[in-house]
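Several structures are given next for inspection.
Both complexes below contain subunit A, partnered by subunit B and then by subunit C.
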Partner chain A sequence: MTIAPKGPRKLTMKQRYEALTRDLDWEPSYVDKRDVFPHTEFEGIKIHDWGKWEDPFRLTVDAYAKYQAEKDKRLYAVLDGFAQSQGHLSLTDASYLNAMKVFLQGVTPLEYTAHRNFAYLARHLNGPGPRFAALCQSIDELRHTQTEIHTLSNYNKYYGGFHNYLEQHDRVWYLSVPKSFFDDALSAGPFEFLIAIGFSFEYLLTNLLFVPFMSGASFNGDLPTMTFGFSAQSDESRHMTLGLEAIKFILEQDEGNVPIVQAWIDKWFWRGYRVTALVAQMLDYMLPRKVMSWKESFELYFEEQMLGGLFADLAFYGITPPKHVDDAIAEKETLSHQVYWTLYQFSHAAAFTTSVPDAEHQQWLRDNYPDTFEQLYQPLWAKEEKNIEAGGRHFWRGLPQLCQVCQVPMLFTEPGDPTTICQRESVYDGETFQTCSNGCQWIFEREPEKYVQAWLPVHQIYQGSCGGPTLPDVLQWYGLEEGDSGEYKGSVDEKNWNTWHDDHAPTGTEG
Partner chain B sequence: MQYELRTQVIEPQRKTFTHLVKRYGDRPASRYEEGTIDVQAKENFHYRPLWDPQHELYDETLSAFRLTDPYSFTDPRQYYYAPYVSSRAAMAEAMAATLDYLDSRDLLSRLPEGWATLVGELLVPLRHYESGAQMVCSDVTRFGFGTTITQCAGYAAFDRIGNAQSLSRLGIALGGGTAELLTQAKTRWVEDAPLQGLRRFVEELFLEKDWGRALVRLDVTDRLVYALFHGHLDDAAIESGAGAYSLVAQHFATWFKDQRKWLDGLYKAWAADPSTGSANAALLASTTTEALEEALRAVRPVALRVDELVASGAVAALEATADGIREAVRAAGPDTAAAPAAPTA
Partner chain C sequence: MTATPAATRTVGVDIQESEANRSVVEAIEATNDGCTVKHMPGLVRISAPGRLVVTREAVEERLGREWETHEFQLAIVSYFGHIKEWDDDEIVIAWDH
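Showing the complex of A and B:
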């Protein structure tokens, strides 16, 4: 008989963390394991050892609660102070809030959906390590949903466009772009979701999708949103680490996983990139005080950091940069202009306002887009300025055709030819479907049975499912009220803003 | 006497968001309401799940328990994320203070022998039970219907993994700072006869597709487990000079009291629904009754082992808890099913 070494072998911090979080699973024997985890085989991903998952962060529940409670206390103190001091009056301009309207309508509901589906991963992944990481992200995403609502709630009290964001996320044409994107991930299996959201959305594209709103806030006097952004930063960095760990883990588990993951990267890069169309126009057109141009942002955060950095690392696993990435690069000088020009003409049917960029703004656009703005887009605005002088601000009275995949109106041009609209057709089951780009066409043809299900807002309007046959019926069904939509100049928000900044504004007392 | 601050008065254009005005009238909404009510997407889902094309991404038919309006239930604790984590930070701090105290006075190693065995052999292995409960609650978080319900389930899931970690800490402390007891606890969970009923229950619960039934089944078993370990044994520990056990148990009892608030609220809302209420009440009664027999089969061997170790009268206490649940089901019986009454522990 051997005698065990005497005295306790105390756990190191890492061992202690693992003892607390990792060893909680067991092999079921009363039921079939495949029935306990019914969703982790059909995608073709093979995991041989779930124990190889490296925890992306070491956080126990008690440490999490303590740390997050302190962060929230600070955040809510800022929100309360801002509300009490009428801080909204120190924004650069009321028109800045259009960016936040798009954020609340388009992004906040996605945070919520992420919350629900990370809970799905916290149940349905086989390993306790990734389940716990997903559980933390799930509850974080609920935090972001609620802190965003609470941050923007105060603006809703004074400005249009915010008040019906939840119903609008389910109904309005431009919001089906982010909604269908996330529904696509939600309806996928757990591994595709990890690559779609954990990796592509939270890591690959987060600096293009999420961060610009927070930076825009800090440049435009939006203290609450900026504080929210900082407060979410440590959560987001955990989520980014999780996304990166997820892809490495899946790739390292089996060589056969590599082509599956590659196809998901190809799909989700383009899918996410198309959602950034809304962010691109926000950066270049909606912020009164600019942070950086979309082009610069794309070059720095995507071309330099991701293509130059991340994909160089992933090459080790045999992963190549996403398919159609060259089409995205080719668009960087046209994207925001094309999108905003479209939104400008359809903003009577949106929950934000638009306006012709003023002279100073157009100068900035010329400076930042020396090869495209003056030649291609300035003439459009010049013509529109003439229309307005003649009393005819332009709104498009018809309905745009939408891409079957990304659901953005068919406004993008052929790669390398900024004057020809790009239109791709695919036939499935005897029916023809339109897509806006090579990327979306490829995505459609890979899973046509999925994309034919899409709830396309314009089709639905034609089919009479959106409140009625006329535009006013539809706008009522969208829950749009006076002051939510259309032209910013002369809008309710602008009038109020001017009144509130009038020196003779009424004052009162607070005891 | 107060001083007067001159401030700019600006009349708000509206008090809150449209969906809250429609529901509650034109009044300011609480942060709980703004962060919770109607937040789950309602319509126009784009694609069916690849793994379940029969259902929508959120689908109310995933449980036989139905609310005409899912938001007729609200969390009596009004937890949104900030008050939730703040409450849990305080609970965790209290638990940590207890464990530190036990450690500093070496109280765990001074537990009477039967009690120390009980903790290592029966209580610490419940970390796996808690982990299973987390998975069940996470499934409800995803597939439940309506944010007021799924939010509570999400917090419960996080609580359960927190409970598993607290039990693990206890195991590490009792094991003199090593993971030996945890390793043993896993073997016990998988092999020891007294725990197999409970393990079987958790594994079978993983296969329950109806999230409402899953919640009720888990809750009924929880009521037996928590009453046994953190009610009955808490009292017995004090009487047997195992004060350290009681100091730990109080924290789990406090948590469970908080946990049952929302479940009772949900049962009341189910039974009070103007159109589905009587069906819900009947279903709750039958599910509770079935689940109780199942739970007793699972927990009785544990209670028997408790009595072998500390002779506390655990089996009798367990049966008394079960009788209490049966009585509550009877009291809410078919005649009064539509009344907003629900069984309580």
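Showing the complex of A and C:
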């Protein structure tokens, strides 16, 4: 009896990863390693053995391509089905899309910036493990940019506010908040970028940004957004892993790295947290059907999981929770209300619309914020309701002072004192600079030479860099068109929505 | 710092709620004693004290076909904890310290 020769033995995941990802690296023989990787020393981080980097996902190019292609196929099937069935008509309300407008204008361009910077890491990190993980993330981020644009482009056929998001990201005042955050990371060194985006943003805060948001989409009939969100988020769990591996690896390599990393965590927690202020108001004010409050989401995804879980783990290395975390916890019951109240008054200069929360919505806010809403914010809305009855829905006609670091208008209050605006002043090189909080002031004073260069939209308007001296000049420069901005009630979006639903018309008129 | 030890600190995973993922969720429930399952719009969150494991065998049993652990990438939305192991047979989420 002859025994058939055994087929080639299948490699295990570990072996495949070693063979196809790690073993493709080589030691340069005729060029100095420092010349090949010139950017990994100047930040003061010491790495002794790049081989110690672990990638639990053990991804190889073939596995990566196979699963990413499958994710895209599933998503595009949903997009087609939704568009073909006039799915936009089954949203809870046209006003829901304000959250998506802010997302497209504020977040999608960040995905592209992340793509660029992870491509840089994929070239410049010394070890093959982190280089490959960064390469995958770079391609992921490009995929996210594209799928988000594709997903939301369907709404652009029927609703305002979606048509000029790229230019607006570079120009409009509230969008300088996310843009300047990412530019800050982009202009840091490779290790700081890893801690800023890979760890502080992807691991610490991304759940806060995406998960409740995508559940919100699911709850409000927005199937495509929910699907791209979960599709992107499944990559995100790989990115979280990259961030967590990065911090553990850097901390384990050299004790001298610990204080450097701690300072970056202190800085980037607060920078990222300030950007999530935009998400806070989306959750509490922009979703017609609510999923969970910002407060609840913050407690679950940040306090419980990160402070209770992760930081207990990092204590092993001597890492402590971020410096200004107590200030963030202290404002969880006031944050979203303060931000939305400001956006409400400035939405004539924004690419979304706002409205007074109706009675049912205010009841929800009272239930979810029993210690603050009724006392502090309900009276503001009551007063505004009277203004509207008298025919005077109000918009703020001046320009706000912006924080030099986070670029949010100075709307936050003193820790523990929700009726006094918090304003910090620092002097650098004979000039006075304003910041919105202890956290932003600390960041400013640590690197003033960086933050004095901030492109602050309000300053730029006054300097004449934004289309002209009058409000209409600036709004034209923003590329805002009729129906993009202002009050939701009576807006083009609302009128169309009512027409499509009252007359049972098959579709809306486009444009 | 008197932190809760890694053995009892909660870890967890968020999974997209779908027909295909139901077997995965059921497998995790059956494999992990003391885990908690919470349904949220569009997703299922499973958390457990100290450690959560997904085994290929348990998933295949319920799915009725071969399943490679890489496929978990299509199901996972987010997680908390640290991915300690991800090989051909199992995925383990736990804290290190």
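Quick notes on this one:
The rule is short, and it goes like this: the second predicted complex is superposed on the first by the 488 of 511 C-alpha atoms of A that agree within 3 Å, B and C clash if a C-alpha of one lies under 4 Å from a C-alpha of the other, contacts with A are read in each partner's own complex, and residues count from 1 in each chain.
Simple rule for what comes next: contacts are C-beta pairs under 8 Å (C-beta built on N, C-alpha and C of every residue); 3 or more make two chains touch, one makes a residue touch a chain.
Predicted model only: the values in this text are computed from it and were never measured.
Once the two complexes are overlaid on the shared chain, A:R143 sits against subunit B while remaining clear of subunit C. Of the two partner chains placed around the shared chain by superposition, neither subunit B nor subunit C is touched by A:A382.
Legend: residue contacts after superposition of the two complexes on their common chain; A:P38 is shown touching subunit B, with no touch to subunit C. After overlaying the two complexes on the shared chain, residue contacts for A:L135 are found with subunit B alone; subunit C is out of touch.
When the two structures are aligned on the shared chain, A:V427 is found in touch with neither subunit B nor subunit C.
The larger set of touched subunit A residues comes from B, when the choice is between subunit B and subunit C.
By the touch criterion stated above, A:Y158 is placed in contact with subunit B alone, subunit C being left untouched. On subunit A, the patch touched by subunit B and the patch touched by subunit C overlap at residues 66, 70.
Subunit C makes touch with subunit A in their complex at residues 1, 3-4, 6, 9-12, 14, 16, 40-43, 69-71, 73-88, 95-97. Touching subunit C in their complex are the following residues of subunit A: 12-14, 56-58, 63, 66-67, 70-71, 74, 206-207, 210-211, 214-219, 226, 230, 233-234, 236-238, 240-241, 244, 248, 291, 304-306, 308-316, 320. Residue ranges of subunit B in contact with subunit A, taken from their complex: 2-10, 12-19, 31, 34-36, 38-51, 57-58, 80-82, 85-86, 88-89, 91-93, 95-96, 127-128, 131, 134-136, 138-139, 141-143, 147, 150-151, 154-155, 157-158, 161-162, 164-166, 168-169, 172, 175-179, 182-183, 186, 189-190, 199-200, 203-204, 206-207. Only residues 8-11, 15-16, 19-21, 23-31, 35-36, 38-39, 42, 60-62, 64-66, 68-70, 72-73, 76, 86, 89, 109, 112-113, 115-117, 119-120, 122-124, 128, 131-132, 135, 138-139, 142-143, 145-147, 149-150, 153, 156-160, 162-167, 169-171, 176, 179-180, 183-184, 186-189, 450-451, 453-455, 460, 479, 483, 492, 496, 500, 505-511 of subunit A touch subunit B when the two sit together in their complex.
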